[in-house]
Amino acid sequence: MKIAVLNNCVPYVWGGAEHLAQALTEKLNEYGHEAMLFRMPFRWQPPGKVVESMLACRLMRLPNVDRAIAFKFPAYYIPHEDKRIWLVHQFRQAYDLWGTEFQDLPDTVEGRQIRAAIMRSDNLSLGQAQRLYTNSGVTSARLKKFNGIDSEVLYPPLFESSHFHCVEYGDYIFYPSRVTASKRQHLVVESMKYVTTPVRLVVAGKEEAPADLEKIKRIIRENRLEERVTLIARFITEQEKAELFSRALGCAYIPYDEDSYGYVTLESFHARKPVITCTDSGGTDVVVKDGKTGFVVPPDPKAIAEAIDRFYADRRSTQAMGEAGFELMQTLRISWEHVIECFTR
Amino acid sequence: MKIAWFTPFSMQSAIGRASAAIVGELSKHATVDVWHCETSGVRKTPVRTIPFSKALAVDLTDLASYDLVIYNLGNHLPFHREIFHLSRRFPGVCILHDFVMHHFFAAYYLEDLKSPKAYIEAMAKLYGEDGRAVAADALAGKRDRVWETDEVVRYPFFEDAIRGAYGVVAHSHFLAERVAKSYCGPVAYIPLAYDVVKPARPLTRAQLDVPEDGVLIVTVGHVNRNKRTHAVIEALGRIAGAGDRVTYAVVGPCDPAYRTELLELARSRGLERSVRLMGYTPDETLQAYLTHADFCVNLRFPAIEGGSASLIEEMLYGKAVLVTNTGIYRELPDDCVIKISPENEREGLPPALTILIEDADHRQRLGNRAREFAEGEFHPANYAKHLLKFIWEARSAKPLLQLADRLGAQMTELGVQAGMEIVDTVSSEASKMFGGEKGFPQASADKFQR
Amino acid sequence: MKVIIASCVVPFVEGGATFLVEWLGQAIKSRGHAVETLLFPFSANYTEMLDQMMALRLLDLSQHGDRLIAVRTPSYLLQHPHKILWFIHHHRPAYDLWGTRYQDIPNTPEGICYRDAIHQADNIAFSEARKIFSNSRVVAERLKQFNKVDAEVLLPPLGDPERFHCRSMGDYVLYVSRFTHHKRQWLAIEGMRHTKTPVHLVLAGKADPDSAAYVNDLRSQVEKYGLQSRVSIIDRFVSEQEKIDLFADSLAGIYFPLDEDSYGYPTLEAHHSGKPVITTSDSGGTAELILDGVNGFLTAPDPEAIGQAMDRLYLDRAMASAMGNSGRERIAQLNITWDNVLEKLLG
């Protein structure tokens, strides 16, 4: 089948949806189809540009294409009779961000007209799709709430998972991620003040801003955690990450209110390691089930420390939870095989 | 080239008669099918005719097989209703026979749709708050119905008749210019074509009961205040001895109230034996009156037509004609007709009538000149020639007009509203890119809505 | 510098400058710049052209990138304050192929309107460009003739020429190309009939369902002339490495499509492998690269002349080798390098 994968594009910016679109394209080719990725430049400032981008997409054509799969607004406006959508983002400024400081559209006559136009055409375009998937329960809930449209959740798998494996349940908790305030690595570092077992912590990732890194370093210094906490303050390779997961005891992933479960949780489960997350981390609760595949605790250093200690103290339980995490991914069908099947049947 | 020609085609329709003449010539250069609604009393034509009943019943794929579809539009709803509706479903070139289409749309909104609200909204959309107020007041009885007054020329409604067309043909420079002001697309002025049937053995003057040595003045066609018949009678009343010398025949139906007014006026001026209001007249008699007429009177004020078949007929009969200097009549050469200034009608009519009554040579000269001019200008072959050229022009513009339609439709589907910036952006960008010297039809979310 | 490369493609159709766009992106990245490559799907159906052109006008790239390099038509309609064109070809049915059997727009007033609209939009886009380059002299001339625009010729190099090398001057001339009639592999077979030496011919190209009939015809042709032992047809997927190896041991490259604008990558592949190229006078752009007797033979498109050229190379390997070297020199002389390309496009 000849498949066009459609995403939008803000030049030089490459985020989760971009990785997913790229990954899907590559996987489709791997599974024997012909797939090509097209990215539409998208501007939303000044606000009038949003409607221009929408119209531009409506005027595009996809000749010689059997099926189209679109990820984001306004790429899903490109016409095709067999269009499937894997919705990662609507134009949230018109929906849940309207009325907040992030609404971006001015509350003027024109701004409101643009908002109305977006809602109207979204209902049309999303409604016309042959199949409508979203990447998370949160996205589906938003879609139902604002557009009254039903959708199915299709969980994004890791692009490559074969390199993750389990060698042993070692003595350190692993937290790989971009170092930012919202990922809250500082909170896990702080919790190491309160652990009672000899467990250690390895944090790996490039900082978004120097201040984020400074904060962590200061916590380590002030609490004399240099022996306990290893800070790899740079971008690590996939190989390095797999290696570190293979010997970890478990994983900590405690971002603030994210839509999706994050690839880190999947990486951990592929390595058969359970995950500690927080009650306010958002979408991680899809895969991290308290007591079954890890622990879900309040965002408090003492509570996090307690969970970490439990991993260390009861190795058998830790291993069982890690295995259960891996099983849960199968149950939830978080796999490329499932994704490809959804889009090519 | 294949053309579909939509027209009223009954024997009563002057447009039908013009169509038959034009289509006859056109078919020498293209395949022409005449589409018509009438089932009886239909004109004969050597060209293929296709009857249809309702616009909605027509299969658009049939129309898609033509290179161009042409719609003849006029002010009379019963004759043009289905043609108009079809022109909205399947755009083509509109031949706009009447400048004022108000009667058509008033009847459509008020009688077909039975929606006074729709009439008021349509007036508001075209003519702003003034239009809305006038319409609302008229329907509420606070003022006269617009189409019954001279004010109607300020609210002509032709704009709605030609909305979405791929081209417009008008039969006067005046109307072509008016159209071009509000319509973005090709517009052409083509002098209306008409033919005459001159009887081989017309009824004699005696058979018409017209004195051999008298002067026969003829006015042809449906008569109402707009035709200024009352002014003519009134002027004749001021010419000494007119009553004995002149027969003034109004050959055609007359509005009943007006008829009463005219008869009373004639009586009061002592012209009751001179003036005859014939009512609906069979062709043979009409042709006889035209044959024997010494001159014709064809006044109009205000001018609401797009072209005048009766005028062409009179000129082709070689008659001197007295006209009002307005609208299409203003565009006639000065040596063919006598023009009366509308502002100066009362003062101007008696001397003009007198000259024509007294001077037979002058009448003859004018009449000959008129016929010469009419035979060239209003010949169906001339019309066909110009029309073919315009069809080519309209076909050349069609892709861009269709693009504008598509852009407008897409924007509408996206929920774009009139006044949003994108409408202007798209318009100006399309114009710059594809417009050429003639510019580009403005794409807008509302203007090209069906 | 931040560079945006934009191009229009018909999805899943070969050619369309995909290699040029890819290699350009790689070259720019390797020089340390940030590159964003945007491919836009495009239908060549004339009834859909104007709408798609509008789409390109409405996509605003003006805030992004220091340079926009637009490659395949009509990507140059995108608006950008610093727009450079590396122009590959027009929508030819609306230009030089109008009036031929390749005209795909009807010869009606409507069709002429589309054609003129395409011309006008193109001209607007050209006037907005800071600079216009073309990939061949032929195309530059067409731009001048039809659009009154001056374009500088900027010849496209191979993506990674260093991979090609010479291992030996072998016994076979190599025709690497998609199997399709206008590439004229059939003419090479005809040429083989007139050879007197035991020179071989190898035809290698992408196999796709559309070419099956043509390839069958070629096989029949070979059989008819009893050339089975001397002509090999490889109509399956050939990897880059296989191609490199085939060139490495060849005697010469042979490439004479009918009237193509550009010299084609196979000619460069041959020269980078140190081999001369046999081409014909009606091949179009190859004449820009191949000088008769210097870096190959430019013969009449006549089987006898082609056969003779093959024989001459077979009999004089030293000459063939020298011509191959001249080929490398010619490439340098014409500045067919990424350094040159980048200097022109980003300068």
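All chains are identified by letter, namely A, B and C, in their written order; residue positions are counted from 1 within each chain.
What we mean here is this: a residue touches a chain if its C-beta (ideal position, glycine included) is under 8 Å from a C-beta of that chain, and two chains touch if they have at least 3 such contacts.
This one's a predicted model, so the numbers in the text were calculated from it and none came from an experiment.
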| item | value |
| --- | --- |
| Top chain pair, ranked by how many C-beta pairs fall in contact | A-C |
| Identifier of the chain whose CA centre is least distant from the whole-structure CA centre | C |
| Subunit A and subunit C: spacing of chain centres that average the CA atoms, whole Å | 43 |
| Length of the line joining the C-alpha centres of subunit A and subunit B, rounded to whole Å | 70 |
| Chain centre separation in whole Å, for subunit C relative to subunit B (CA means) | 62 |
| Residue list for subunit A, restricted to those that touch at least two other chains | 52, 55, 58-59 |
| Subunit B residues counted as touching two or more neighbouring chains | 407, 425-426 |
| Residue list for subunit C, restricted to those that touch at least two other chains | 51, 54, 58 |
| Of all residues in subunit C, those that touch subunit B in their complex | 50-51, 53-54, 57-58, 77, 108-110, 112-114, 116-117, 120-121, 124 |
| Sites on subunit B touched by subunit C in the complex | 67, 392-393, 395-400, 403, 406-407, 425-426, 429-430, 432-436 |
| Subunit A contact footprint on subunit C (complex, rising order) | 2, 4, 10-13, 34, 36, 38-45, 48, 51-52, 54-56, 58-61, 63-65 |
| Interface residues, subunit A side, partner subunit C - complex | 2, 4, 9-12, 34, 36, 38-41, 43, 49, 52-53, 55-65, 78 |
| List of subunit B residues in touch with subunit A within their complex | 407, 410-411, 413-417, 420-422, 425-426 |
